[in-house]
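Below is a structure I'd like to ask you about.
Per-chain numbering from 1; labels A, B and C assigned in written order.
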């Protein structure tokens, strides 16, 4: 049975300026032990999906479609069941570690709080567990006594990972966990995630805008644009041979060092990521697309089969609709 | 040279560039030291660097290595404890000289949102520098030209807008426009694309590179992203704990790195399939506690694996500090292993 | 001037911006019902204060003219708020007293904000020993207990309106000074100030273009919120008998009511009008000032 299943998920925020459709029909399935990457930039809806899985969106948000955690519909749960499920079935590592941690409480206390909320342990055993968790993520147990501002960026990220693992969830959602970190610290955190994933059989949903990081860490990846998945497939295949023009642009954004093609030749996309509240008609990527044709501005393309285990939402892909 | 049309200016620059066979340096740092906390923190610990006209140098390193402090000292925002910096032959000093310097050297900050006063319109953000230096010309035209040159077209549409109405990429273009409006000789870019979306990155980098071609401006780009160096830099200088440990032409340093730190940095770049990953142990070090001897030795794979001792220079790594030769060849490395193998040849 | 034209000058752009932000502020104020209510109430009271000479004759308050009036008479058609222990019309006193209360409140606030701004901005701008000296002076004034100082000053100086104004101003400016100094220091740390410096800006440019525009809204907001405090303080002083004996403010009316056993005697018309007047004015200014603060400080607004 799948660990996470999104069925035609649509999320619309209610703002002063009117409804904003952040996610417009996303289908995604994750099985136990799988690592899936979600690639995209600001406004594509990937962080919204992360919050939607655990029902962390504001009350005024309209959510349609199904979010199935271990087969159970998260949005049909009563509050008691939801509280029990949060953190024990799925946990999130948010981006911006400094904002996610309470600055006036010691980090050990914060992890302890999560453990005590979800289990019947005593504070003493919880404290021991906190020490174990910190060591598991590569920090000395004594760091539990520190405040968040006393730790470096990489250490804070590790604390967030320890916090997410505290109740032994089956699914870990990491939202841009390494974006603000130095390249070496990023490598350390990624290696840690890989190790934990192998040891605990965790399923990992990795959200980022750096496609190259995903090819390293994930088996499958999905590229999002304007609230929809525009390409999906094995991570190495998608990176090596992207079928959607946007995936191609994302792949080219961070150059391969040593590749003469990108030497003195930075590749980018003209224009800006689209505003979810003002999407153009037809394919939302058409205004920035180098290979757009006439029908792109009128036809709203959906995912089509593009090879074994791959799909892409582009007119130039001629497979059957998914 | 404001007052001339954009095309005329571009022609003048191209003529100047082709005439200068020997490019004198736009900025020259000699044994620069910057300290904080009364000498306790050696943020920049004896750095020498020259940047020529029309050259792009990427200053690469992790947080705490002193790269941002270094460029802030070039523009006079941090005082020097030792050493000297000259820009176009004139030393970076204080008072009136500093103001003139700040027309020839411009800085682009990492956070485009924070760097723009939310109460000022885009027009005023770009015009600020023009007004401070009392640049002659019709101000609105200069502002519109600068915005257009930075890719914001039609410029008039942006003049009355406010920063919060623009995207991150557009804000960075405004900052670049404001900097280039003063026709500087040197641009100091602090992580120019780190906070921007991946697909915008290339555009902004291409824009910066285009200014080098049309205006002959030199750029020092501070970044932890080696891909940025590959994209736009002529030379790369790798910094560690306040000192440059390797510097040279980009192709050489990034394709055949000599210093163990550079090798490790390159190996962990996600698409580097050609190198085995060398993930360094430990945190990025603290500039208030610089190790004795070679400052990298506590994390150096050569020392950790014992190879340094086997080959006989382990003690030197632990005990002898070393710097780059100021007048060495084009590719210089501050490493005992490399120095010894060179002397062996 | 259409959107697509190059403006005539930088000044034109700046004025466009100011007009737009004023329009935005006006709209914001209109949206906040409570603030609008406060504004209207304040307007009414101010108009009433200005119109006092038209509505009632000051001479009616002098002793000579009131010999015939009934003493302690409850509200009636002839005397809308009744009369006090000397037969004076309470309504007339209320009208004339409002002028005193509002005038003293306003003047004292201006004095307090004036001194506070000067000290705070100077300390923030110069830093160093200037800052240290000014802050020690501020601390000294901060620590002085208000009431003893008020009593001492009232005893030493001639009792009168300007004494009260002086007393309130001199004791209240330290908090404004500290607030503004903190704001100046905060703004000077911001990245756009660093950018201005790297562009070649001197300290004066930074103060004029970046610090002051960010500090002025704070001054404005703290002014509006200081007015009710000043009014209440004046009321307190008058109630304690330190006010101007020749010009009766609302506080003075309350004092008179107390002294002449109006409260114990159940003569509510002698103290309710001034009491309620104070409450309404203070409430109105607070509501209005709160909304003003929200409008002018973009951080408090939800974007």
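Before moving on, here are some points about what is shown:
In this section, a contact is a pair of C-beta atoms (placed from the backbone, for glycine too) under 8 Å apart; a residue touches a chain by one contact, two chains touch by 3 or more.
It should be emphasised that the depicted structure is a prediction, and the values quoted were computed from it without experimental measurement.
Set against the Cα centre of chain A, the chain with the most distant centre is C. Which two chains touch most often is answered by the contact tally, and the pair is A-B. For the pair chain A and chain B, the distance between C-alpha centroids works out to 32 Å. For the pair chain A and chain C, the distance between C-alpha centroids works out to 53 Å.
Within the complex, the chain B residues that touch chain C are 75, 77, 98-99, 102-103, 106-107, 109, 111, 114-121, 123-124, 127-129, 131-133, 139-141, 143-144, 154, 156-157, 159-160, 164, 175, 178, 182.
Residue ranges of chain A in contact with chain B, taken from their complex: 41-42, 152-155, 182-188, 191, 209-213, 215-216, 246, 249-250, 252-259, 262-270, 272-273, 288. By the touch criterion given at the top, residues 3-10, 13-14, 16-17, 190-192, 194-202, 205, 209-210, 213-214, 298, 303 of chain C touch chain B in their complex.
In the complex of the two chains, the chain B residues touching chain A come out as 62-63, 167-170, 197-206, 209, 224-227, 230-232, 250-251, 254-255, 264-266, 268-272, 274, 277, 279-280, 283-284.
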